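Data block below; observations after.
For clarity, chains are labelled A, B, C and D in written order, and residue numbers in each chain start from 1.
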Amino acid sequence: MNLTLLILIPLLTALLILLAKGLQQIRTIGLTGALAQLGLAGWTLKLYLDQKAAGNKATYLFESNQSWFKALHINYHIGIDGIALAMILLTSVIVVAGILVSWTMDKLSKEYFFLLVLLSMGAYGFFISLDLFTLFFFLEVAVIPKFLLIGIWGSGDKTKSAMKLALMLMAGSALVMVGLFGVYYNTNTFDIVQISQQGIPVGVQKFFFPFAFLGFGVFAALFPFHTWVPDGHASAPTAASMFLAGISMKLGGYGCLRIAALMPEAAHAYSWIIILLATIAIIYGAFATMMQTDLKYINAYSSISHCGFVILGIGMLNKTSMNGAVIQMVSHGLMTALFFAAIGMIYSRTHTRMVAQLGGLLKAMPFISTVFVIAGLCSLGLPGFSGFVAEMTVFMGSWQNPEAAYRLATILSGASIVVTAVYILRATGRAIMGPISEEHALLGDASWNEKLAAILLITGILIIGLAPFLINHLIMPSTDVIMLQIEKITALK
Amino acid sequence: MQEIPLTQILFVSTALFFIGMYGLFTRRNLITLLMSIELMLNSVNINFVAFNKYLFPDNLDGLFFTLFIITIAAAEAAVAIAIIINLYRSHNSIDVDDATEMKY
Amino acid sequence: MIENLFIHLRQELALTLLIFLLLFIKLGKDRSNESIMNLINFGLLLNLGLGFCCHEAGDLFNGMFTTNTLIVFEKDLLNLGILIISMQSYAWLKNHKQVIEFYLLLLTSLLGMFFMISSGNLLMFYLGLEMSTIPLAAAANFDLTKRKSSEAAMKLILSSAFSSSILLLGISFLYGSSGTLTFSILSAHINGNPLQLFAFILFFSGFAFKISAVPFHLWTADVYEGSPVAVTSFLSVISKGAVLFTLVNLLYKVFTPIANTWYLLLVILAAATILIGNLFALRQDNFKRFLAFSSIAQVGFILVGISASSQAGAASLLYFILIYIFSNLAAFGVVSTVSALTGKENISDFKGFYKTNPILSWVLTIALFSLAGVPPTAGFFGKLFLMMAGAAKGNYGIIIFAALNMVISFYYYLRIVKAMFMDENESPIQQLAIPAISKLAMFICVAGIIVTGIASVVYDYIYSISIGL
Amino acid sequence: MSNYFYILWIPLLPLATFVILGLFGRKYLSSIAGLLGTTSLLTATILSFVAAKQYFFIDGKVNGIYQKIIALKYTWLEFSPNVSIDLGIVVDPISVMMLVVVTSVSLMVHVFSLGYMKGEERFATYYAFLSLFTFSMLGLILSANIFQVYMFWELVGVSSFLLISYYFNKPSAVAASKKAFIVTRFADLGFLIGILILGFYGGTLDIGLLIERFTSVHSTQFLSITSASFLGASMLTWGLTLIFMGGAGKSAMFPLHIWLPDAMEGPTPVSALIHAATMVVAGVYLVARMFPVFSMDESALAIVTYVGAASALFAAIIACTQTDIKRVLAYSTMSQIGYMMFALGISKNGGENGLGYMASMFHLFTHAFFKSLLFLGAGSVIHMVHSNEMKDMGGLRKLMPITHIAFLIACLAIAGIPPFAGFFSKEEILTAAFHENKIIYGIALFTAALTSFYMFRLYFSIFWSKEATISSPAHDGHESHGEGPWVMKLPLLILAACAVCVGFVPFSQLVTSDGAALETHIDLVFSIAPVILSVLAILLAASFYKNQNGKSAKVTNAFGSFYTAAYKKFYVDEIYIFITKKIVFPFIGQPIAWFDRNVVDGFMLLLAKTTAKVAELIKGLQSGKVQNYAMYFFGGLVALSILFIYIWK
């Protein structure tokens, strides 16, 4: 199994799209590529599980390590563990859904699909790379397409939000860069595996951890670096919002996870700050959401709140919470993508996202409304959907941290599920239920491609929600490995 | 007759240099500016010659350098004057303050 | 001896031949501009090819002229740059009366740079420097009728004369304190006494002026704006590159004993240069002026890189210049084509450019991304390696400072992309018919931007030939 | 224990119905949806009766004690090696008893709805939701793992939300559903934290293990949880109280009861199922499930007792004043659940002192039948009158005889008149209260009197008072005359029969706190007082409301402000609305939203603006005068020279 395929397929797709003519060809190529990628991801999963079942104890499977810039010890080192694999699956699902949703994008369609595919390529590369340089490279590859996607195809004050997003993310990656240099010059390698073997001097960790972690935190919408999220998501076209919330914010979470694993002492020392910020993000995001009137803003702010759980899980530094963080990443990715898809469908029909102007859509468009409600229920953590599994795991994990302050953080974050219920039900009650206005009464329901996209995402949500042991089985071994390193340290303290 | 010590010569050259610089900073006429620059170059020439004669009399690097500086100064002056003439064509003036279109 | 002359001096000789050939053509009956330019481009190409044969190091004229693989490579870079520029200025020069004069000036200046790069002696260095500068002043004035052009030329010649007199003062003090002009001997006499420090700072300011490092940069913007685009791109890429190569050779070889001093000097200048360059670039509307300030900021990053005074530092400089040639010339290529065909040189004119000229917009976008340092373009690697080299000294203050400034630079690069792709404009630039040869030039640039980064062989080769402190 | 494995099918059948109807219902099956749902549930009911027979009378008992049997256990989500959510099926007296109650009541409601919801547009959806609810409720009662309880708890909540908002284009219905979900969600937060506490100290989420560890005084877990304390109360108290908070939310205990009356916006059969018989007693069931642990902690039990008693009284008083018949029933439900709660609260674990526990479960059992009967009766009344208001009714006894009889029986049952079901269970509760706590006993007695008063106020004003004015309007394809089709009458009759006879079930032999049989006897002397009281109350009600006379008005005026306060439900709703609308939104939500847009985002903008400002300020550097350039050059030179020659030497 050669993981480079995961980069090559999107690359090939992008090139073919450049050569293609007409929306019909372009989107067909795009979809084919995405499906191929999905299939490949599934195949990888199968091989991975087979290997594990065969008793392969290696942390990272399908490793391949070529020297890239020999002179600087920069390698193209790739390989995946359970976490990365989960992320890859998530990405491939969202890409397919995103392309399906933007099936009828006729404005500059070639560039649009090209950029989408490019963005996904960045994400895949990011998740498979085991070399911090490669990681950083792909991280930035995934940034600029967003700028163009939002700025060209967006809505509202698009250029401003696009600029804000690009600049904040770039600032984030600048911080990451500094952190990575620090790591490099104190270990003489970018190789994650080597570094985690030989370790990093504590002083160095203490100095560079904040840079790297906060840098990735910007991507993961960590308070107070989250302000790109609402505007960016709200202005972006549907598929772009899906990618943004479903994929790029996960880049941040994943990065934070890796950094915490690489610098355990620092992570342990700073965990209280991380938890503080995460808790603020959760509560603050939830309450801010409650005041929003635009569906996309609602979902964007709720993303801040939900991604807070990822950071919280990482900050609590124990197996359960880490698991929770990873599951929450996957769950939130699927859920927000679904939410944005539903909002996009509604917007494309009613041409408004203002909750006040909507109402009773369940009568006119039952399918879309059902999708919306399902997304909502998932986001308020209803059992049977992925959100429940993720949040409960995070809570369980956080609670294991017996210090009173941490308990308080857990309880406060727990309280957010009530607020979540409030804003989700307010939005649903206004937009989906209640009396319908006559000009909306005649609007049509979802088309086949939209249905397909929604069903795909819902399936993902249900698989995690109904059979969490599957994803647990996938990621737990990997999180255990990470935690082993960290617990060695915390044991010393 | 006793010979003049190096320091005094250096003093002269330095004075010359800064006189030239002062001229460059204060005068308005482009030709004058060019002349001030020539002063600075000449002060450098004096430096070279003096160093060569007083400190390293056994080889002639400094002198040669002086020759080259003079030559190049001439070339520079030629090009500069050509440019100034052209400037005069377009601006009808060789006052340095009239040529400040491009700023900020 | 003589065969060495022909081997070591081959590129200079070829260039001289080309220049003389042009003179003869000028004397003879006039030819069509196309044929002349094709001839010149062919000559440059040949000269480029010459760089690739017989690499052994050596020196001539009692060490006045030295050469080695590194130097040949640097010359090749400059040569490549000139070639691209001349291809791009096709649209501009096609109907120009004084093509030959233009090329005479350019090539002479290039010859001067060649000598400056491989100079082994302060005298030779000074000759090369002036030889490369004076023709440029004339070239800056090449649009004889334009007011701005002559103003630019005046500013260039005056300030460069001033700076070179300062430089000479520095040289004279160096001579006075060491008694020699030859680098190899000079380095032995450098002991960092106050006079030498003063001399060094005077000397260095000459370089700082040429590479337009703050606060010696003020001529840059005006001259870039006023002179023809071809000259601007020449100034921004070629002459800067040449001076930087020389600077690195001198710093690493000659001024080794006072490394600590010039490290500090470089860092200070780097910080100031990046900041000022960025702040000014933020508010420019004239495209050439904008690129002037952005190139100043770029120089700041370069200074961070070479302050490392390591092999990696030298390599990163060389690598960055190579990428910078591609990126900046791609940008200038688009600008020169547009200004030659429409006379528009303002960023605001580029609003809605994508609707009418998608290809050009993409070229410009890629170029700007490369300048901004966005992957997968080569600029990303270039900038990153400069910073990495700089970080090696463990002085993370400057790295953080530079990293944050990168964000500002992103703003102004993306601003142009925004103008082209996102802004509405009722009267955008009409669709342009680009000469085939300029297209080729742009293609070379874009290919270079994309390939030189990903294909690590380039960097590895450069690293292998470059020499640290 | 696989001889109980078939119990798995009882929840799975409704689930299957839900999936089928949910996916294909509205398109293909909307005609047979009702039949499908009913049949599958009928099967489930039969299975649960089989289970009950097998458990209670064949092999449940091992040497006189009813065993707790884990019929199924599957690790669903593993948090850490020993803490995990297991999906399981526990078979013990209360779960089996609840199985019977839930399935049979649900079956009745399914049947009733065949007529009541006939011709609805979203008929299939309705049955889908109904099955979803039944599934979740069954899953809840069969849970062997406290987190499983929580999961199904949430599912029950959401299916109730869906059913209340069934008429989704009626804003009041939507508001009610929102209220119900959010209030219970708030309570569930407490439940969740309680689970976290118990799970952390108990080191497991399995209810059996938790009970085992927390009931043995010397176990490390027990010591750790009792030693750890927060704000003066031990962690055990905290955990149990929080869990009870969850229960109180679902069971509409004061002050978390506000959602229940509004929940009557849903279709009446739904109210009969969810808000009378099954979901609202989930809280009681939860406390009963964890009862052994509760019994280890006095203070927690005290809280249960007083909250229960307070709710009982409070609701009874309000019920006397309401005019919407469903709201009256809702408050009476609340009051009856209050009974069950304090009955648990005053009980001990095991032996004679376990009487309260048994009584509570008994009352739960009987109450389910007569309360759902009352609701269905009210349903058919509303179905006929098209109004919930008492004033629109009256003299219906002639128009709908069957309903009238059934309703009367139910009223007698709830009023505790022998030999109807309510009598027996209420007697047990009162006895227990009498032995344990006199104050509670007083409250209980008074509440009992109130109960019979307001029930008969309801009864008389519906079926007597003025003569029938309704000219039975012909409406959407239903039978215009009488009480609708047989599918609506049959459930009434069956439930009426139950309301008469379930009191004779030898409950004390079957369901007790420790599984051992408990000897109880109806002490006639003791029973006199309550019965007399209720009879008097009934007569009072009769005199007020049997036929229209000014008396009621007089009394109303006599009570004056107290009456209005009660009529306004003691303004609890207003308090909540004040807290949310006047405090949370304007003082927490809006400031944060403002802060985000203006301060956090504003800061980022400020950075940008400052940069631009600085750029503007320093533009003079580039003056355009070549001489100034030279001067700056020289200045920089001097500065550097000074720096390097004098300062950094």
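Operating definition for what follows: contacts are C-beta pairs under 8 Å (C-beta built on N, C-alpha and C of every residue); 3 or more make two chains touch, one makes a residue touch a chain.
Just so we're clear, the structure is a prediction, and the values are computed from it rather than from any experiment.
S.K.: Which chain's mean C-alpha position is nearest the mean C-alpha position of the whole protein set?
M.R.: A
S.K.: Provide the C-alpha centroid distance between chain C and chain D, rounded to the nearest whole angstrom.
M.R.: 78
S.K.: Could you tell me the distance, in whole angstrom, between the mean C-alpha positions of chain A and chain C?
M.R.: Chain centroid spacing, chain A to chain C, equals 43 Å.
S.K.: CA centre of chain A versus CA centre of chain D: separation in Å?
M.R.: Distance between chain centres, rounded to whole Å: 37 Å.
S.K.: With chain centres taken as the means of their Cα atoms, state the distance from chain A to chain B in Å.
M.R.: 66
S.K.: By the touch rule stated above, which residues of chain C touch at least two different other chains?
M.R.: Residues 154-155, 158, 162, 221-222, 283, 411 of chain C each touch two or more of the other chains.
S.K.: For chain A, jot down the residues that touch at least 2 other chains.
M.R.: Correct list: 167.
S.K.: Hunt down the residues of chain D that sit against at least two other chains at once, touch-wise.
M.R.: 608, 619, 622, 624, 626, 630
S.K.: Which chains are in touch, pair by pair?
M.R.: Chain-chain contacts present: A-C, A-D, B-C, B-D, C-D.
S.K.: Where on chain B is chain C touching in the complex?
M.R.: Listed in rising order, the residues of chain B that touch chain C are 17, 20, 24, 30, 33-34, 37, 40-41, 43-44, 47-48, 51, 55-56, 61-62, 64-65, 68-69, 72, 75-76, 79-80, 82-84, 86-87, 89-91, 96, 99-104.
S.K.: List the residues on chain A that touch chain C in their complex, please.
M.R.: On the chain A side, the touching residues are 68-72, 74, 137-138, 140-141, 143-144, 147-148, 151-152, 158-159, 162-163, 166-167, 170-171, 174-175, 177-178, 181-182, 184-185.
S.K.: Looking at the complex, which residues from chain D come into contact with chain A?
M.R.: Per the touch definition, chain D meets chain A at residues 26, 75-80, 83, 85, 147, 150-152, 154-155, 158, 165, 168-169, 171, 174-175, 177-178, 181-182, 185-186, 189, 192-193, 196, 199-200, 585, 588-590, 592-593, 596, 600-601, 603-604, 608.
S.K.: Spell out the residues on chain A that touch chain D in their complex, using ranges where they run on.
M.R.: Listed in rising order, the residues of chain A that touch chain D are 164, 167-168, 223-224, 226-227, 230, 284, 287-288, 290-292, 319-320, 323, 360, 362-363, 366, 377, 380-384, 388-389, 392-393, 395-397, 399-400, 402, 410-411, 414-415, 417-418, 421-422, 425-426, 429, 432-436, 468-469, 472, 476.
S.K.: With touch defined as at the start, can you tell me which chain B residues reach chain D in the complex?
M.R.: Where chain B meets chain D, its residues are 21, 24-26, 33, 96-97, 99-104.
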